[in-house]
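Got some structures for you, see below.
What follows is a pair of complexes built around chain A, which joins chain B in one and chain C in the other.
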Partner chain A sequence: MAALGARRLLRPGRRWFSETVPAAPSPPAGPLYPPVVASVTAKSKAAKSRRLQRFNQRVHAAATVEEKLRLYGKLQRPKYAVYPQTFALNADRWYRSFTKTVLVPGMPPRAAAAKAPVAAAGTTPEAGGAPEPGAEAPGAAEAPEAAKAPEPAAGAAAYLDMGELRSIVCDALLQESFYQKKKRPFLYRDQDHTPGPFLTQLVSTLAAFLSGRNPLLAASSLDLNPEVNYYWHHGEEVVVHGHRKGRVDPVRFQIDDNPHLQIRVPKQLPEVVPLESDLGDVPVIDHKPSKLPLFKRQYENKVFIGSKVADPCCYGHTQFHLLPDKLKRERFIRERLEDQIEVVYRSNGIASLFAWTAAQAMYQGFWSEADVTRPFVSQAVVTDGKYFAFFCYQLNTLALTAETIKNNPRKNICWGTDSKPLYDVVEDGNVKGFNDEVLLQLVRFLLNRPTEL
Partner chain B sequence: LFPGVRQAQWLTKTKLVEGLPPAVQGIMDDPAHGLQELEERAKHAVSHARLWDTAQVAPRREQYCPVLFENLIHICRLMSGKYPSLSKRMLARNCRIAATWERESILLQVRGLSGILMNSMTPIPPVASKEEILATKEHVLETFYPIAPTIDLQEVNVYKELNDTGQCFGDGYPYSHPHTLFFLESANVRTDRFRPEQLRAKMLMFAFGNALAKAKALHGNDPKVLEQPVVVQSIGTDGQLFQFMVFQLNTTDLVSNDGVKNLVWIDSDQNLYEKAQCVPEVRKRVVTKPAGISGFQPDTFKKFLALYLHGTV
Partner chain C sequence: RLRIFRPNFFMLAVRPGVPQPEDTVQFRVSMEMTKLDIRNYLERIYNVPVAAVRTRIQYGANNKRNHRNQRVKKPDYKVAYVQLGQGQTFQFPNLFPEKEQDSETRSFDDFRDKYMEKEKQKQEGDPRRGGVPDWFGL
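This part shows the complex of A and B:
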């Protein structure tokens, strides 16, 4: 009753005790106040993590890959300059720990239509690529070890003429070292005089010769003396001195590499092992990277595979590295560091290939917060003109920063061989002691292609 | 100072024919070689050299000129998947050439770094027929009276009359026939580069020098009319403009002014593309010129490839 009376006293239009359900809730159903988050500018750990999150969101939301790369490398701070070709002792262990790489000695088993096992004589790999019935391949693999390896290989693969390839290689070698009249090599520039041009000739003629067999090579792009750069964070350290003293910073690395030659292709090489495979252990080094010795510098954070993002040939196939005069074998032998000779080849292979594959992955839009969804595979040949070492690298993860590495079981894998000589000596227009295995491995590298081609 | 080609013609006793020889034209027009598909690849090659090759915004001429050349040669070389005899070629960089001859009692010599030389195992067959060669007898070389034809040439005391092509022929060098010479004008500063006319003259002189040295190695030092003319090709570029030349040496008898002359076919000033825009040009918030290569001429690349394939196809 009192309520009724009260209602009549109310102004018309105001339905205070109205029975009807309001049409829409006038305040929004969500929270009444903006979310309570850490500040952006405070000097606190929460603020720092919020700033990092905002940065990550900005990079995630970048429209183009160029924009992403620009934001990724925008902040310049002192970073370790990692040199793939280095004389540092046991550098390959350090590089493996920086890049979370597992080193597997020997070459990866080729798929070979998944039928024939890896043959010691190396006859099978061609069969895997050559379009023959699979029945021939096991036959060739069994036939094997009585292996005058070239002849059965030529028979089984039916196209690969070892004699022809050998003559190409020998011609290139003789042309550079014997036939062409050159002046004497400049001091400490022996590598530019003969092995450099030899490598260029060799690769260009071999690639052209094999392009009929490998359609990927026919669409490839050959770079002479390209530049490959990659910038990444791995681990954490405390800033030692300066106005930022005491803050926890990621350890930054940059690789700036100049391979002698590289072949880039428009399609990716197939993966060698599945993405989540574990083939070994990554060495853990308790020292600071500067103990390697590695030095810090601050300059532009570049990520570059050899050409810009707009290039259709954005995946890598094979790189060829020439070791400089400073790292020649005689020098190591003279200083009684024979075991470091292989370390030089390995560190060059691991560092260069990591930089290349990681840069390729970044060109596709992946980065440490957005890890790769498919493995990136590339190959490299490291040589000093006579000794050749072959490397194959599979990039499984880019997440190497301190936060992302915590729950990341994936590791990058590098297969590598020891260095073997291609020939013994060149005398009087003859190449003595030619090693067919090395040539075969090189040819296998160049013939590598995705399975659908 | 002078239209250099005319002077070079007199010095080498050569008759000029405009355009490329019919043999090369035939290779260009032959559809079996699949030159159409290569257009796309050639365009990529140009874009790579001019736009994508460097981490900076735009590469300089010293960088893009050799890279463009390498890319084009790479495409040409990949044709050896189709024509296996193309692998019988060898590229020699920084080779030095020296050749000597007498011209109306003036001793002339060509020496120097002639750029990049491509040798092959088999010689290029003669491009001009016998009748054309004989017809050159009637052709009169133009003289530049009163200007001496050796103007602008450096006079030196030569102590050794050298004739060699930078490789050791006698030792059974398999790639003994000079096939094509490549000249890259890649200096950044325009004044350091040869202008097209001078570049053509330089190409002619070096092609002649190579052919002469080869002829003397094959047939001896006596001046005579060659039974098998020696053909040497030459391509010169500054990264955008291409000059093509096919030179046929018919005679080594260069002392007199009559008789059979040598022949040269020149196709000059072929643009491979009009403009390479690295950054899009924007006027008043509107993109007027998009980034990329504009005005690509596939014919120039076809000529390049035809000259490359000439002799094996």
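This part shows the complex of A and C:
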């Protein structure tokens, strides 16, 4: 009994009259209390920033690119639908401000130096002695200065026969517009009637002809009427109307583009200028995008380059755009808006190429919080059947959201030419006034390839 | 094509409620005018180069009630946003600018303000009483 009572008094763990020295409490392994952070569900700015950080961490931690894209475009809200082919006035200035792009007139310097020695069948070799800015020389080891001598130097790559190229182009043109008997085009379907098939035929024949010279083209994939989509945030605005009135929201944009043709390659085109170069200024427009006019819609946030993520040809080479009947030159001249003709070409080039290069970067796992580590380069040709304008785009940054754009000095760069006619008129089975420079530029575009190849 | 001579339309240039781009002018026009009408009106009568015209109809609300509890409708009107051509810009002028005051009016205004302040002080009563009225006393 006494032993039981004593045992009850002596509770386990109490050192009562014991001689053992209580050992010092072991230091805790980590901090005693959980970290003091803002709440997740409160209606406060700190809570909103914490929710954004959690979302960013989720996207960073996504295992595959498909999962990243799915999380990136999961939340649907009203967004501005940006159309690359638009009749809006001065659209290219607005598009440059949306995409943080600098427009440099003319072609990038590497294209000025002769890429492959061209047979001087009436064409002067251009800039034969121009110093190469360290960019690519044609794969087969021959100096571009050899263009001075029109005869091919002893080299593996034969010279480009301008006459043959010209005959290919003229064949395609005549076949579509002269030899083939077609009915009258339907109303406002002029572009699908003749220039569309001509462009397809031209590109596929030229690509097949030049694939012997450019092994990248041999491994490329030509898409007919593909779809290119990109979704991004840029800037902030206050919601004016609705149950979310008064909240600060990012301004959302989506480009849905259908180029006429597209060439995708398995290897990235080389960079034109270094990643951090600054070649000009980005226009800053204070007004809301709806003044352009641009309209909001809510639908799926899609990021697509023309093929799914698993496709090996995941980098872009060249796009070909055909301008619709609504934007033909005669209409602008009739309404005395001659300066808007070039704006149409430029806005199409900038918007489409930005969407394509940014989607390519997203396919590689980069996004606005994880900016690109190497520049993405693509090319485009915008045409309305007769006039051709060439564009080259280098994507240096994807970080266009309100927080990421603050300390980001990088800008995207777009080189673009004015539109030049390829020929003057087609009569009686002859193509009059053929322009060789345009063809040369087109061929240079198609021959563009990375240095190692 | 319908040809109108000596039209009876009126266009009223208004100050935009939200900031518009520099080349955009905002008008209130008659409900029957079309975009083509607006373009021709400005180009033929006023020689203003017009690049683009966009219109919308503003519905006037019908919620206010008069002394007989009948609903009073505010009239509907059409708003036209005209983008000028040839790179021209337009800024709605300030119709009520601040006028330069000479020294006489300024001193008169100061005197008047001081007098009104003194009157108000007299009305309020002694601040040392802490808001208690004058008639309250032991």
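We adopt the following convention: the second predicted complex is superposed on the first by the 377 of 453 C-alpha atoms of A that agree within 3 Å, B and C clash if a C-alpha of one lies under 4 Å from a C-alpha of the other, contacts with A are read in each partner's own complex, and residues count from 1 in each chain.
Everything below uses one rule, namely that contacts are C-beta pairs under 8 Å (C-beta built on N, C-alpha and C of every residue); 3 or more make two chains touch, one makes a residue touch a chain.
Note that the structure is predicted; figures quoted are calculated from it, not measured.
K.L.:
Looking at the superposed three-chain arrangement on chain A, would you call chain B and chain C a clash or a fit?
P.N.:
Fit: chain B and chain C sit side by side once superposed on chain A.
K.L.:
Taking the superposition as given, does A:38 touch the first partner, chain B, the second, chain C, both, or neither?
P.N.:
Neither partner.
K.L.:
Between chain B and chain C, whom does A:47 touch in the aligned arrangement: first, second, both, or neither?
P.N.:
A:47: touches no partner chain.
K.L.:
Of the partners chain B and chain C, which touch A:275 in the superposed model: first, second, both, neither?
P.N.:
neither
K.L.:
State whether A:291 touches chain B only (first), chain C only (second), both chains, or neither.
P.N.:
A:291 sits against chain C, while chain B stays out of touch.
K.L.:
Among the partners chain B and chain C, which is in contact with a greater number of residues of chain A?
P.N.:
After superposition, B is the partner touching more of chain A.
K.L.:
Thinking of the overlay built on chain A, is A:179 touched by chain B (first), by chain C (second), by both, or by neither?
P.N.:
In the superposed model, A:179 contacts chain B only, not chain C.
K.L.:
Between chain B and chain C, what opening angle does the Cα centre of chain A see in the overlaid model, nearest 10 degrees?
P.N.:
Between the chain B and chain C centres, as viewed from chain A, the angle is 120 degrees.
K.L.:
Between chain B (first) and chain C (second), which does A:337 come into contact with in this model arrangement: first, second, both, or neither?
P.N.:
So A:337 only meets chain C here.
K.L.:
Working from the superposed arrangement, determine the closest approach of chain B to chain C, counting only CA atoms, in whole Å.
P.N.:
35
K.L.:
Both chain B and chain C contact which residues of chain A?
P.N.:
none
K.L.:
Mind pulling up the chain C residues that touch chain A in the complex?
P.N.:
Spelled out, the residues of chain C in touch with chain A are 18-21, 23-24, 49, 51-52, 54, 83, 85.
K.L.:
Across the complex, what residues on chain B touch chain A?
P.N.:
Against chain A, the touching part of chain B is residues 41, 44-45, 47-48, 51-55, 66-67, 70-71, 74, 77-82, 84, 86-87, 90-96, 164, 166-168, 171-175.
K.L.:
What residues of chain A sit close enough to touch chain C in their complex?
P.N.:
Within the complex, chain A touches chain C at residues 88-89, 285-288, 291, 293, 335-337, 340.
K.L.:
In their shared complex, at which residues does chain A touch chain B?
P.N.:
Residue positions touching the partner: 168, 171-172, 175, 178-182, 197, 201, 204-205, 207-213, 217-219, 221-224, 226-227, 229, 302, 304, 307-308, 310-313, 429.
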